[in-house]
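Below you'll find the structure I mean.
Just so it is clear, A, B, C and D label the chains in written order, and each chain counts residues from 1 on its own.
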Amino acid sequence: MKQLIGIIGAGECNSRIYALARETGALVAKNGFGIVCGGLGGVMEGAARGCKENGGLSIGIIPQEKAEFANEFIDIVIPTGMGIMRNMLVVSSAVGLIAIDGKYGTLSEIAFALQLGKPVVGLQTWDVSDKIVTVENPVQAVETLIKMFQTKH
Amino acid sequence: MKQLIGIIGAGECNSRIYALARETGALVAKNGFGIVCGGLGGVMEGAARGCKENGGLSIGIIPQEKAEFANEFIDIVIPTGMGIMRNMLVVSSAVGLIAIDGKYGTLSEIAFALQLGKPVVGLQTWDVSDKIVTVENPVQAVETLIKMFQTKH
Amino acid sequence: MKQLIGIIGAGECNSRIYALARETGALVAKNGFGIVCGGLGGVMEGAARGCKENGGLSIGIIPQEKAEFANEFIDIVIPTGMGIMRNMLVVSSAVGLIAIDGKYGTLSEIAFALQLGKPVVGLQTWDVSDKIVTVENPVQAVETLIKMFQTKH
Amino acid sequence: MKQLIGIIGAGECNSRIYALARETGALVAKNGFGIVCGGLGGVMEGAARGCKENGGLSIGIIPQEKAEFANEFIDIVIPTGMGIMRNMLVVSSAVGLIAIDGKYGTLSEIAFALQLGKPVVGLQTWDVSDKIVTVENPVQAVETLIKMFQTKH
């Protein structure tokens, strides 16, 4: 069974945040994990792109009912037709989450992750709980998250 | 069409918080609105109780598939079988939300409300955005929220 | 706690089917129950209209995220934003279902009801299982359904 | 983007049906598609097993919130915590569906597929619409379904 790391963030972002997401996706793939994300633009696209460029598998769980709304770097689309409620599925499909920047959707995902007791690492994102481990860069983000959920099991 | 005010908070709480929820539910009913909540214990029970004691209508949208898990003060149960994902439905059914205390589930509801652009009033709860209007007591909470969504429309 | 009878059928129907739905909604209200339905047009509107005209309470669980899509006879709207997946919630909120005519959405609701072991009465609808009790008219439909779920409890 | 064929059927089945599911999963993999299924036992396990044995990718969308409930042949688990409502996601993730035997859950999936206009092929399953193309064996099932959705696009 493939383990998936969730990469969460807004559907629109600047190029600096996009680059962080892409590097994070790349590192997840290089560490042998797949990614799961919301499948749309911005951080989700950056993460899927970095993952794909490094031979990783990316899952996109999108709000729409039709697969065509997913970004072009997603390997497996789960079109839900359930709107923003799909945020919860990104969380439940992941062994842990890396939040990059992000708005209210990202906040809802962080909340669900904490409720389900899943590790959350934060990169320039919501600072709402001391359970979110703040990191400085993608390398730290991926290393820290992997340690967190491996310790847990 | 009956307008519903969402009252959100944790399923377990101390008697002081329970009393705040009960008073809030009472005031919502006295102002002619119904309440919608997660239908379980703690703040949800206090809110439904205060509402019912004052002739209001309370809707409980619960995680379980069977109605019997709702608290005894709920008039209409929507048993979902969809777990914590039902948090989103509490938000989408309300014209605005009053958050009282609360943990991660409440945080996810606040996040969804802000994402959907619904007014949120906070009573001793998560302080994660300046869009949440902080109030001191149930009277202020209900008055403020009613003004907020009436201004909006 | 108010008990709800689910009335299911297509969002578009001819005037004969609409009249059957309206009469069924009326009889549900006269028997002291509320109705739950999908909240849109056709059979759902007929059912809610008959219910409202007789002082009953009607709940509409709609696919959209915004309440304004509900028909005008719905008292309580649950806007879900989850598309046709909301069909399941109409079933889980009801003590039993009356299916009138209907297309594939109705078929999915019948399937969920049978899976959850809830009584289903059919009026000119899908005949896919001998667990669906076929009736001739709204009077029989409501009487039969009430007997079925009261026997069950 | 990987195209997924949905294989649907009951969570418990006899060895003859299990063998049909396994052969179907194998043929889907040999034709270069992945499978998506409900991720549990019976037909879902048979399908995932046949797929995995032939180098295919299998996605399991399960009712539970925890991945550990998936069968051992699933490569990617989407744990939903949303109960039988997840049936809809199996449908929305697939380009078309092969139904094998099956009970009410399968019927709900067939209904959703027809509602979304997706091709459905049936192997000893519910015969509720002439839109379901009945076939005699797994070879016919996979060939027919592939033709159906390729014609559509």
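By definition in this document, a contact is a pair of C-beta atoms (placed from the backbone, for glycine too) under 8 Å apart; a residue touches a chain by one contact, two chains touch by 3 or more.
Note that the structure is predicted; figures quoted are calculated from it, not measured.
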item	value
Numbering shared by both copies at the subunit D-subunit C contact, with half separating same from different	same
Taking each chain's C-alpha mean as its centre, the one farthest from subunit D	B
Subunit A and subunit B, separation of their C-alpha mean positions in angstrom	30
Cα-centroid distance, subunit A relative to subunit C, in whole angstrom	40
Subunit A, residues touching no fewer than two other chains	65, 80-81, 84-85, 88, 116
Residues on subunit B engaged by subunit C in the complex (per definition of touch)	1-2, 4, 34, 57, 59, 61, 65, 67, 70, 72, 74-81, 88-89, 92-93, 116
Footprint of subunit A on subunit C - complex, ascending	65, 80-85
In the complex, subunit B residues that touch subunit A	84-85, 88, 103-105, 107-108, 110-112, 114-116, 126, 128
